[in-house]
Structure formats: C-alpha cells, structure tokens
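In what follows, structures are represented as structure tokens.
Next, two complexes with chain A in common: one pairs it with chain B, the other with chain C.
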Partner chain A sequence: MAESICRALRDGALEGEHAPALTIKDSIASPFGFHVFCHVLSQLSSFILAGKSQSGGLVVVSFSRSPSFYLELLKNKGIDVVSSDKRIQILDCYSDPLGWKDRLIEAGNFTALSHEASNSSTANVLKDVKHMDKLYNSIVERGKGLIGGGKNRFSVAIDSVDEMSRHASTSSVAGLLSNLRSHDQVSSIFWLLHSDLHEARVAAVLEYLSSMVTSLEPLHQPANGHRGDLENLSLIEHNLKKGKFHVRIKRRNGRVRVMSEEVHIEQSGISFTSLSSEGAINQGLVPKVQFSLELSEKERIDRANVVLPFEHQGNGKPIQIYDGRRSLADSKHERQVAATEKVQTNEDSGGGEIIYFRDSDDEMPESPKASI
Partner chain B sequence: MVMEDAEAPHHMLLLRNFMSQGLVHNQPLLYASPAIDPRGFLGTLPSPAASKDEKSHKHDPDQEKGLRIAWQYKKYFGESQLNFDGQRDGKHEYSNEFDLRKPLERHFLSAQRVDCVSIQDSPNLSALQDRSATFLSQYPRNDGSISCAGRIAIQSFSAPQCAYSNMEWDMLSFIRSLKSMVRSSNAVALITFPPSLLSPSFCKRWQHMADTLLSVKAIPDEDKELSQLLTGYQDMVGFLNVHKVARINTQVPVILDATTFSIKLQKRRFLVLECLNQAPVDGSSGTSYGTSGSCSGSSKTGNLDF
Partner chain C sequence: MNQRSSNLLDEALGLDQSIEPWPLRGRIVAIEDQVETSGSFVLHHILKRSLSPNSSNVSIFIAFSQPFSHYDRVLRKLGCNLVTQRDNNRFFFFDMLMLQCPGGDEGISPECGLIALYGKIYKTIVALPEVSSKNVTIIIDDLSLMEVAANGSSDYVLDFMHYCRTLTTEFDCSLIALNHEDIYSSADRPTFLLQMEYLADILIKAEPLATGLASDVHGQLTVLNKGMNYRQGSSRNKISNFHFKVKENVVECFYPGSQG
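Then we have the complex of A and B:
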C-alpha cells in the first residue's frame, strides 16, 4: 500500500487534471507521521533522480526541520543532493520564518553569527511565511528554476501543514494547496499533518483537498482506566514501535479504495507489512448471532475424522452409493453394514460421527438439527 | 442544492448535465466556482446525446410553468413524458441525455450565454450577490408566456479555499437572498457544497434552505460486502440520495418510489441513475433466486436517465 501511494505520486497528473495530493495524518497515539513522510520523500527523490517519474524535480518546503536534516536523510539513503543535478531544492522556512533575525540585526542588538550562513545552493531561506501568496510564488519559482519551462513538472513536499496553519488562516492555506494542485507544472504534492494540533475542521479541509489520505493509528487501544497498569504500559510501548497504516485513495472513477497495513519503526527506518490477520477487519462482515459460527479446534479435528458412510475408504470394500432404487432388503443389509462400519470408525477415531435426525422422526415442532 | 461527498466528484456530473441542458435550450447561464479560471470547466460540458426514439409529445406549457426547478421534475414523470417535442427546425428536443465524451459545441459557450465568476478571491459575498442580482433581473417572471429562463450554477459554494468560507452566517444569508431572487424571477439555481466542511448546525440550516435537496456519495472500491449485496456493483460509481423535492405552490407532495439511486456511467458516456437492486441473498432456498431474471440486471422501468 505504501508502494501504491509512492507510485501514484511518481506517476503524477494527467493532462487537464489536478495533481495527486497526499495527506499524511497522525496523532499522538501513533506518532509516526514524520517517519512516513521521510519514507515517501526518499522514495520520490530516488524516482526523480532515476528519471522514472513524471516530475523532473522536487521542492521540499521545510517548516519543522532544518534543511540540513533533509540533506543528511537523503544522503543516508544514498541520494547526494548537492551533486544530483540540482533536482532537489529545499525551501527553508525553518531558520527564520518571520524574518526576526533581519530585524534584530537592523535593530543593532544582534551580531550575525558566522556559522549561520547555511548558504548551500539547495537551501533558500524564506523569511515571510505569513503571506501564503508569497510562499506560493516562492515555491513555484523554485520549481520552475529546477525544471525550466514547457511541459516539465515538479513535485512539492510540505514538511508540515501545522506550521503553515499557525501563521495563516485555513482558507489561505487551502487556497495555496489547491492552487498548487491546479498549477500546470506541478506533478504531485504531499504534506504532513498532526491531527491533534488542530480543530477537526482543518483535518477535514485537508482531506477534502487531497486525493489520497493516509492515517496512522495505534495497533492496540490501551484501556482508558488504569494508566499505570503494567499491561497498559507494555501496550503503549508496543504502540510506539508499531502502528496501523490506513489509506484512502480517491480513484479517478469516483470510487474510494481503502487499504490497511501494519507499520514498524526500526532503527534503519520504517517498514510496512500486511496486517496480521487478527480478524479485526473481518469482524465487521460476520453477522452477529448468538451461537458461534466458527468451529472450535476440537470440532475441526472431529470433522476431519468423520468417515462418510458411502465414501471410498480405501480398504478394499466396494463403494456403495445409495441411489434410491435399492429394495428394502438390500437397504436393510446396507444399513447393517453401515452400522458396523460406523461402530468400527467410532472405535478407531473416537471423535467424529455424523448425527442425523430425520424430519419425519420429529414429533415435536422443533426445527431439525444436523450437527457435525 | 446538492451535498457533495469529499471523496468523489459526482456532483460535477450533475452540474455538467444541468449546465449543458440550459445552454442547449437557450437558457443563459451564470456559473460560479472556486477555480481561478472557471471558463476552463466549460470545455468539459457534454453535448446532447443523439436522441434514440422519435416520439413526439405535445409540449404542455402549463406543465412547464409549474416546473420551477425544471429539470428535477422531469425525472419523476415517467418515461412517456421524458421526450418532449421540440420543433424540428434546428432546436433540440428537451432531453436529459448527455454524452460525456463529446464536448459541447463552441457556439453554445459564447459570452452572451455564459457568464463565469470565480469566487475564490472575493473576501465577501457581495460581489457574487451583485452578479446574481443583475443576472436574474434579466428574467423577470411575467404572468403569461414563458420568456427566457435563466440558470445559475454555483459549484462547491463553501470550498475551503474561498476567503469567505468561514463566514457561515454570511453564506447562509446569501443563499436566502438568492432563493428569494430566484423565486421572483424565471430562473433556477443549482448550488453544490461540501457538508463535511460546515459545522453541523449550519449544515442543517443549509439543508432547510434548499427547495430540492440531493446528496451524492462515494462507494468503496472492490468492496466484497457491497458487491454481494447489490447487483451491478461493478458499474456503479456512487449513490445519489433524494432528500427533498420542491413543493412550491402545491399541496400535493411528490412521493418517490425510491430515494436512493445508483450512479452509473454507461459506456463511460451517459450518466444513468438507477434504483438499487438487491442481489439475491446467498444461501436462501435453492435455485429460484439465482435464475429469476427480474432480480438481477438493470430494471427498465426504474431507469432515470439524465
């Protein structure tokens, strides 16, 4: 499932369509959103550098991490940003988002620190994030700088929409994202959101604007009451390493594809496996009745041991299939044989037998039972 | 009014048919959308499908006068009245069939007939209100013959990228004033909005404002449960629910056979609304369900073609 998302971002937009947009949503119960974001980022970067994707460049708008973090991250994945043909640009909204340092320097109270010059060619500092249209222009400018003009396209990764929402109203953030999506030269776009930090409406708005929504949930819900319980602690610990990864993809034909996976956080990164079949998903589909519809283990063994009366047993006896045309005498004989056979099997297997109550035997107005 | 589903663009299918129908029948259109360039959407309007049968039927002007939210009512009158006789001299028959693969001819989209407004950047709704007022003033309702009728289509009215989208009372009062303007003129209006982005109380208020209320819903892909439950699941793209039907100047309610329809795209060209058919239930007695023809497949009598 994570691969299908990365593939969708890689394939980009069709002519005349809005660019596919991915929202990665997490919460405090399962805080792996950033890991997923980094995973998608490195996947998309490697696609771009290998030339396999529709987009020719990537603009990373970093709000919550410094650009050097991303350079390190990509280097660890084997992608050397600086030398990679300038395919990846990082718009630095982390160091000085509101332009305070400049103002402090002007006010004379601040001497510029010499090591603050992170003037690598890949990082461009944006000092005015409050105005979404300025941010939009910067992103588009960087993107165009990466790919040139014409039919080329670029992708956009936004570190965290939370920071954007802090500085600007929801409608201007929504305007920025939808304008990016409908820009001719944007191939795909994805962003991270921590849903606890906002009202429900903000998450709803971002889901409305995106074509794919992934959300992270804890595998086990700890019981609410006794927080200090040892059991709960281990569950919580468990939740810090694993989680459920749900994906909702809005397909072009108007249907919604829903998928789920398990996600594990390891030292080396993040891995996705299919959900261990705890039956959690299937429980919704099995009708709720008062008797058990499943067989217990003993019942299953017994069923496997039942010898069907007319089946070929492989013991030299001829197959006797009742076809309804035998005379009474024959059938009586048969029944004796069958009965002895049955007794034998009873002794042998000691488990399964077929118990059959005929309808006509039943005097009482109960429904017939046939249990295996 | 049409309640959108955030996960599927089915309201666009309804909008396209509505707009095309108006343009084809010489009914000028005012189209407002949150896109920066709404004119682009006009290129996706479908062209009327070639009419299948040549049934001619006397066009009853009285009947049409009562149909304020005109195209909605056509659905509920049964097949025999769906084909109205237009004059055969170049005018189109009034039909609900549009071919999504064929774009509408350019001459229908001239500036005299279509006016486009972008509602993304306007800080409040006064500009849209003025535009609507000037548009509607051209179609006053006279007692007597039907002069020209106008259509207003507003797409995704409370879309989050619009600057006014958190001014809920303002949006509500806009709808109210639009409704009163439409009532006193010869026009109909179609507004689509995403209810998931409104607060619940406002969602209810907006629903009360509507004369006719529909909602579209997305369906999950490859859902085994649904495919067992419904026939024709493979072709369906969504559901349409009719919540309210307009009752203006009448005390007779419209009682529908069914309020939930499945949205299908026949051959990817024609929007088709069908009543839902429940698939035969597995495990029921023997062969009778599985082989009976009437249970499966699309029913002919229930077809509501757009």
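Then we have the complex of A and C:
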C-alpha cells in the first residue's frame, strides 16, 4: 500500500491535471513521518535514476536536515547522487535559512566555514526562507535546471512544511504548494507535516491540496494514566517501534479510497505489513483467560470447509437440505457418534462439521413436545 | 581516582561505557522538568561527565538562569572545579543573565540578541584546537528564560535552536537544553514544547511521583532515547524510567521499590 503511493508519485501527472500531491502526517505519539518521508524519497529517487518515472529529476527542499544527511541516506540505499547525471538537486534551507551567517559577517569579525563545499554541486543554500515567492522561484529554477526545457517534468520533496509555516503565513505556504502542484513541469510533489504543531485548520488546508494523505497513528493508545505505570511505559515503547499507517487517496472521479497497514521501524529503515487480525489490534482489550478465545489455524481451515445446511453442494448429487428435524433416535445416535468420532470425521473428510444439538432433544421422552 | 558506580542515568544516556569519543556527539538532548521536580541536576550531571579528566570534551554553558558562582558551587560538591576547567579552556561560560533583545524584528542588530550569541558560540568552537573542536557540548539553562530574554518570541528561540542544531551537524557538537514543561503544557502553548520534543534525539522528563510527595524519593525520570542515526546505521528506541533522590554531593537513581 505504501508502494501504491510511491507508484502514484512515479507515474506523475496526467495531461491537463494537477500533479499528484502527497501529505505525510504524523504526531509526537507516532513520530515516524520522517521515516516514511525518507522511504518515499528513496523509492522515487530510484525510479527517477532508473528512468522509470514520468519525472526526470527531483528537487529536495531540506529544512530539517542537512543536505549531507540526504546524500548519505540515498548512498546507503545504493543511490549515488553526486555521480548520477545530476538528476537530484538539494535546495538547502537548513544551513542558513534566515541569513544569520551573512549578517554576522557583515557585522565583522566572523568567518563562516563552508563544510558543505564538497556538496556545492548538489546543494544550493537558500538564505531567505521567509519569502514564499522567492522559495517558489528557487524550487522551479532548480527543477528546470535539472530537466532542461521541453515537456520534461521534475518532482519536488519538502521535508518540513512545519518550518515553512513558522516563517510564513498559512495562506502563503498553501499558495506555494498550490502553485507547484499546478505548474505544468511538476510531475509530483510530497511533503511532511507534524499535525500537532498546528491548528487543525492548517492541516486541513494542506490535506485539501493533496491527492493523497498518509497519516501515522500509534498502534496502542496508552491509558491516560501515570507515566511511571509499567504497562503504559511498555505501550509507549511499543508505539515507538510500530504504528498504524493510513492512506487516503482521492481519485479523479471524486471517489476516496482508504487503506491501512502496519508500519515497523527497523534498523535498516521501515517496513510495511498488513494490519494484524483484530486479535492483535485489540490485544490490550482481550481478557486474559485460561481457555483460548481465538481459533487455531486448523480450526479456521475446518470452519472454512464446513458445508452449510442450505448451501448448494454443487457436486451432482441431489441437493440435501437439512431442516433440523430428525427422529429422536436418529439424533441421539448422531450425537453419540459425533461426540466420539468428531475428531476422526474431521480428519477423514478434511472438512468441518456442524454439530447441532436441538434443545428439545434434552427433554424427557414423556414430554409432549418430543413427539414429531 | 574514585571508582564511581555507573548509575541508571548514565546507562540511559549511554554514558556508562567509555566516554571517549563522547557518546552524545551530534545528538540533541532535551530535558523537561516541572516546578515540583527541577531537572537542573541532569544538566549538572551531564556537565560533570563532559568535563571528566578522561575526555578531551569542551563545554560551552549558556546561562540564562544563574550566575557562574552558583554552578561553580554546585559542581564543586559533585567533584568538579569549574574555575580550573575555565582556565584550561575546557569550560566556556556565557553569562546571558542581562541579555535583552531589542523589540521588533527590523530593529534587531547582530551586536546583541540571539544572533550574536550564535556567532559567539560559532567563533568559540572554530577557535578550538582540532581535537577539542570535535567534542563540544553546548548546554543551555534554560529555554523559557531565553524566551523571556527574546521578549516572549518563541519563534526567535526556535530559530536560535535551529542554528545550534546546524552546529551539531557541522561540528558534531552535542546540544543539551532544559525547558519547563508546566509553563508550556497548557492548551494554547504546547507547540514550543512539542517542537523541542521533535528536535530531540534524547528526551528526559523529570516529573513528580504519581503518588505525590515522598521523603525518600524526589521524583521520577523518564529517558526516551530515540534518534535515527543513519551514520551509525542504528535506530535506538529505548525508554527507561526510574526514581531519583537529589542529595548534597550526588544524585541517586534507582528503580521503583528498590530503595529500602
């Protein structure tokens, strides 16, 4: 399911439509948004470098991490940005976003060391992130530089809309994202947002701009108890390694598709699995008793093989419909057989069997109700 | 040399093993405390560890809360002489008690304010000999008073913290900051606290006990050691919780119920 989002970004914009836009949303209770962002970034980069995407290049707008972080991240995934034919550019809004270094140099007696010099071919430092139109122009300029003219398109990744929102108003941030989305050379765009850092309306604005929204939630909600509570602590620790990954995709025809998966944080990155059965999700709610409340695998198979009473057997034989009324002797015999041979029957036929005991069979033969 | 027993706090921070190279290199530690449970002792403890004779670590202490004499007195009781360390260029104390930033964005000049403070820290690090410049710990006491000095602008403080963060990537410094949770935890001001929680690789919370006041236990510490470090290829996500008692010369950390 996470792969379907990456594919959507890879396939890019249809003619005459806005570029697909993805919001990755998390909160402090399940802070994996950045892991997901890195995953999507690596996937899209691979597609671009392999020539499998609509997009011919990627502009990474880095607010919350240094450019060298992304270079190393992609290198660890086998993508060498520096040696690739300049398909990935990093717009550095991290090192000096407000131009403080320049102001200190102007004031005198300050020398900024340039540790990013080796990455200067791939990283471009932006020193004024407060003005959204300047930022927009920088992004588009880098993108166009990557792909040249013509019908080629580029993708954009923004690692922190939160930082942008700190420096500029919601409407100007929304304006920038909307303009990028509707730019005819932008193939796809995705960004990360921490939902609890903003009012609900800010997250809502960004979600309206998105064709896909992924949100991360904790698997288990710790009770509103005391932090020192051991159970709460283990739940919190559990929530730091796993979470729920919801995806909402808006189709062109207006239909909205919602899917969920489980996300695991591992040493090598993140992985996605389908959501465990209800038993696992409600683990905290299932009471601990000495008998099993769930079916074993064998029992599940047997249940699936049961032929239901009114089901068409479809095997050429005349359809037998069990109406639940048998003679008392027959039903008693059946019951005994069933009790002693139930297990064998199941093993022989490989199918399950419905064992039904009529309440009226329990009554004494003298009772008027026993007569058929 | 006293043989110190490695305590639970050291373990939770990764300081129980060798401290050379400094285990907190390139990492950001946020400490949140409350009125009933001051977290200053965590700052003092980390400062003491960073100035250990076995390491070449340098500490830059940015004080908004107390004057030098206060920290000198406290650290002496913990067995660390700040005057000597200062004279040996292992300890740099920036007294920010009188800092007052001018009001209004346009009026900010680099000669004062947080921009200048950033410049001062940068210059100090760059001037260090090669070996030491790789092992710098920046300690801030505390962020709420920094906000006061910045005329209540938490945005300005966050900008400053961002620039300090660039120091952790540029120079591999560690950054330790103390903040007061109960000031910001109300409904309309949680974002400042959350911003720091997102930023931190290690989050330490000092809170009162759920059961209230006690004479033997002063509070509980919860240490959340996260931090995706692609360089080391590891992803730690460990949470520790234990009680503490602040004594004159030491802080005792112990698991609940284990103190007689």
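Worth a mention:
Note that in this section the second predicted complex is superposed on the first by the 270 of 372 C-alpha atoms of A that agree within 3 Å, B and C clash if a C-alpha of one lies under 4 Å from a C-alpha of the other, contacts with A are read in each partner's own complex, and residues count from 1 in each chain.
The rule is simple: a contact is a pair of C-beta atoms (placed from the backbone, for glycine too) under 8 Å apart; a residue touches a chain by one contact, two chains touch by 3 or more.
Just so we're clear, the structure is a prediction, and the values are computed from it rather than from any experiment.
In the overlay built on the shared chain, the residue A:Arg201 is in contact with chain B alone; chain C does not reach it.
By the touch criterion stated above, A:His264 is placed in contact with neither chain B nor chain C. Counting the residues of chain A that each partner touches, chain B and chain C differ, and the larger count belongs to C. Applying the stated contact rule after C-alpha superposition, one finds that A:Lys250 touches chain B and leaves chain C untouched.
With both structures placed on the common chain, the touch criterion links A:Ser95 to chain C but leaves chain B unconnected.
In the superposition on chain A, contact is made by A:Leu209 with chain B only, not with chain C. In the superposition on chain A, contact of A:Ala174 is made with chain B only, not with chain C. Once both structures are placed on chain A, no chain A residue is touched by chain B and, in the other complex, by chain C.
On chain C, the positions that touch chain A within their shared complex are 109-111, 115-116, 118-119, 122-123, 126, 155, 158-159, 162-163, 166, 169-170, 190-191, 194-195, 197-198, 205, 207, 209-210, 220, 222, 224, 226, 228, 230-231, 233-235, 237-239, 241, 256. Within the complex formed with chain C, the chain A residues making contact are 28, 31, 34-35, 66, 68-69, 72-73, 76, 94-98, 100, 103-104, 106-107, 109-113, 115, 163, 166, 194, 196-198, 225-229, 233, 236-237, 240-241, 265-268.
On the chain A side of its complex with chain B, the touching residues are 169-172, 174-175, 177-179, 182, 201, 204-205, 207-209, 248, 250-251, 253-258, 285.
Remark: chain B residues 6-10, 34-36, 120, 159-163, 165-166, 194, 196-197, 199, 218-222, 224-225, 237-238, 263, 265 touch chain A in the complex.
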